[in-house]
């Protein structure tokens, strides 16, 4: 009953096998081997983007920060939701990589910005000439930090606002596969066809050891990106091990299968919460994250039985017995059906 | 009828005389002359702070940024009001000088943060260990960008919240003299006695050519501040001309006289707006800034007669005739009584 | 015959096994699991440094930059050899992480600074008050980029110069194990007992997939280091896989065995070059790197037979036949004896 | 007998008069007044560069840093002489403004780089792909920090090397007027006609209170420069006082007259040193700076009589009587002929 995070789970065995296979003999360093070329092409094909710039890094924060820095001047401000990972969970890494840029927080109920909210935020950075920050890119998260998934229409509506102000768009896709599995569309449809310029294509939260692909659909900043990656100390010498993971991930739809499994487990939990007395879902759980309010007594029972998850918004483990507390549950590819059943029965 | 800003007015003649007096013969560079020593001591006496670190720079943004950088790590977030100058009007200079720190915006109605709003903002930067930004200093503006002035009680209530979380406090005093003139208290009472650790002590908006004193009431970061000033290219070689201005400013209460004159002119304008048909004040004009809503027809009349001021919040010079538009009026030490009368008669 | 670099070789099978073992079930993220605690203690024991701060990152550049940043202010200059990796091969990463600090290059013949050269460099950064850069830490590389190894006496002589000026010392130990194997001393003797404050303890070049330990023998900057690591996007969520590699590395002296194998292979090559007609060694090959000058005809023969290594200092593959060209040969743990023999026979 | 620096002298009376004249009534802030437009055009005319971007700042370090930052990426290295002001006297300001770039030091005997030395330094930053720093602009100083002046041929030879590698060129012209006075050529000939892309056009060391013009002969980075200036806190609100100084400076050749006076005084000193027993000039004093070696006994006599100048290279005021010590003498526009005579008689 491990629902603390999708980064607490194991690596998929097929990925481990790929690492073992890659571990034969010598290979040129820094991505100059065949595996990296192959996986780059694989990603370009999957995204129907033959000119896309694709580079691998090991953490999602690195992918986000390096991509944003490629299109954010130090005097710019990045528009993102108030609960975005780049704002709340990266210890000012985007600001560091962008040389001191700002983040403008757009209100959100459920992890998504609304086009109107985004427009208002952009317009509020009114024209002050050189005095105020300049308008930089728009960053959105798919699936969101609240477990919701933007529809293609919602994505397009947001990127249209950005386009109107000639702003670039970034998608934090730490849970890209989970969202794609939900929408059932193509990777291209959920990105560049929907107006996305840059994508952090996550793998770590979905069964890899630590690999994300940073994708720039416009190839203009390729060299700059590579220099930023090296300067940020994110260029791996034994690069083949990043490439091998990503290759296994993309082969035979493993990435989609893992995402589907995680999402299905989440749906099972959601069904349980919908029926559990005194509990309710806080947002629509459309991917592999679920936020719920539950009576403290239920929480005690779950914790006593060994369930692991995070209390949210400052809720403490001890407190009034009749208090309803907020908690987050995240499932991953390795979610165990018997665990789920046990959890549901405890609920 | 010049109400565009207090930085459009001239330098006080006594300050020009001081510059001429300082322009005799040779003087050691970089602040090693007698004038700088004298003015440093003068400021320490006026603030009853014999150990205070005092350094002169030429712009308010430099004073704010260098002071904040002295007590803000790159992974910190600075708490300030949504309309603060450091957020809206410094093109990310604080972020630049702090090496990529963040600003957390506290809601405000009238330029002041409320203690509850500040506390909520601080608490919302919940304990995420190394994942989220760390809590950095609190910065407030006195007088505020909306023309209001914190009472001593209000200042203390805000700094007490900061102290509770062990956070440093900074006061952007670009219009310090105007606020002091309003409160009628001592400089010490409005700063360190009210819990302020760092002060940007403005001169430029109140009759100087371009001098601000950066004051650290706690002397621990003196050397670091000086290195930051030099590295920021803000150490003047011909430093005597900064010192001479500041010395004249502080001599015979010139600074307070100039602030009182500016405030009085603002009060006169305020009285006019209170009586003007269809107009109303947006905030309490407690220093030398006044925001008013006025009918577009009134605006046309004023502009046609040569009055200068800024429309606000995106209001345009052309538009529906019966629209009430927002505008900002700022007075300075040199405000001309006959101009004021003329303006009032036009109102 | 793969002598291009020690980062082109495979991961040791025991390390792969450790990864497979670590891949069981769930584990807390970000280093909060048992493996990380165990490996931290293991390193403290090996270094006889129970209070040392130990953090894992995935690249040597990250270890170097984060460690240096912990003790380098943006207005400082770091003293290092002209051929140091931090100067030549990190695309300004140290400058990035240190917020714009400078590197002062100390002359070197063979990768080592001399105490006199270091002292001269430090003294040349003469006391200009706030005008010039301030003296920051001294960084040395062990084994050096030229394949030489500082004796303990040489290390102590360099750190004594640093101490005299109250400067911190950093050791880039990308090839720490190779140097230790050469000297046959203890890890403590080659570091803190020799006056070293910070160590980049390399693993990647010596049989790991991508793990380095950043070690601060003085624990004062632990929190700051962790914030810097997260802000730099170098905190791994699935941290167990870094810890597992390092644990296998340190268990049963695997790290020393691998280094000894690499060094032995290098010695074999060195013997060959000493006897090869027209060839000569450029520096004393004391670890696993060898620089040699060889006739172009020899080079052609080696390349034709499939040997891989880097030409140096702008030497090109084509050119005058009788020219003697410089080349670098690096061995790693997996060096194949039959390869070596073949190479020697070609020589 | 004030020869400590050209920034210890007074402001020229005509400049003070211009400040007084500018101090009439209201003027738009931030350079939007007529004076700034006028002086911008004046500079464009003087430099025969109608499209040049011209912006005023108050310190030479600001001009240098902002200009260099306009054409230096954080992963670049700037080529400059070992004794350049940007390296030795700006406390890492260029590194700060360039976001962590590097400076590559080119050897120099007399303050000038040689074309061969520059080429060697550029070539030594050999092609390491993304691993090493990238080649950034070349910065030279005219007149140099050692008091020498590049001939037009020398300038062209250096910029040709830069052009060959497609690198931008910057001239630190803190003493531009002194050099121009020596060469007797036109400002255009000494800058863009000689291949210079960016110029820090100094005024502060030559009779102004604190104004430098940053000039970009290629207008492409105008907006970026202005954003950098604001972000660096170097945009003056009461900008008219910068413009007024520069306007007076350029009117009726005041700048050239002041430079000629300073140079003449320096020549007089030089003649004295040439004849003084036991003294000798260290470099050719071609502008307003003179380095000399003189017997300590002579130094004692000069100091006792009140002469002010800097000892150099760590020479101390006390020491062996027969030691010959190095000292720097700088003259400015206000150099007093009777002072000079007295100094010469003491020599």
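We just call them A, B, C and D in the order they show up, numbering each chain from 1.
In this section, a residue touches a chain if its C-beta (ideal position, glycine included) is under 8 Å from a C-beta of that chain, and two chains touch if they have at least 3 such contacts.
Small disclaimer: the values here were computed from a predicted structure and weren't measured.
Of the two chain pairs considered here, A-B and A-C, the higher C-beta contact count falls to A-C.
Ranked by how far their CA centres sit from the centre of chain C, the chains are topped by B. Averaging C-alpha coordinates per chain places the centre of chain B 34 Å away from that of chain D. Chain A and chain D, compared by their mean Cα positions, are separated by 51 Å. Our note on geometry: chain A versus chain B, Cα centroid distance of 41 Å, whole angstroms. Distance from the chain A centre to the chain C centre is 34 Å, each centre being the mean of its Cα atoms.
The set of chain A residues that touch two or more partner chains comprises 74-75, 90-92, 96, 99-100, 130-131, 134, 227, 230-231, 235. Chain contact summary for the complex, chain A toward chain D: residues 73-75, 99-100, 130-131, 134, 224, 226-231, 235. Chain contact summary for the complex, chain B toward chain D: residues 2, 4-5, 7-11, 13, 16, 19-20, 23-29, 57-62, 65, 90-93, 96-97, 204-205, 209-210, 227, 230-238, 241, 308.
Those residues of chain D whose C-beta lies close enough to touch chain C in the complex are 74-77, 88-92, 95-96, 98-103, 105, 123, 126, 128, 130-134, 313-314.
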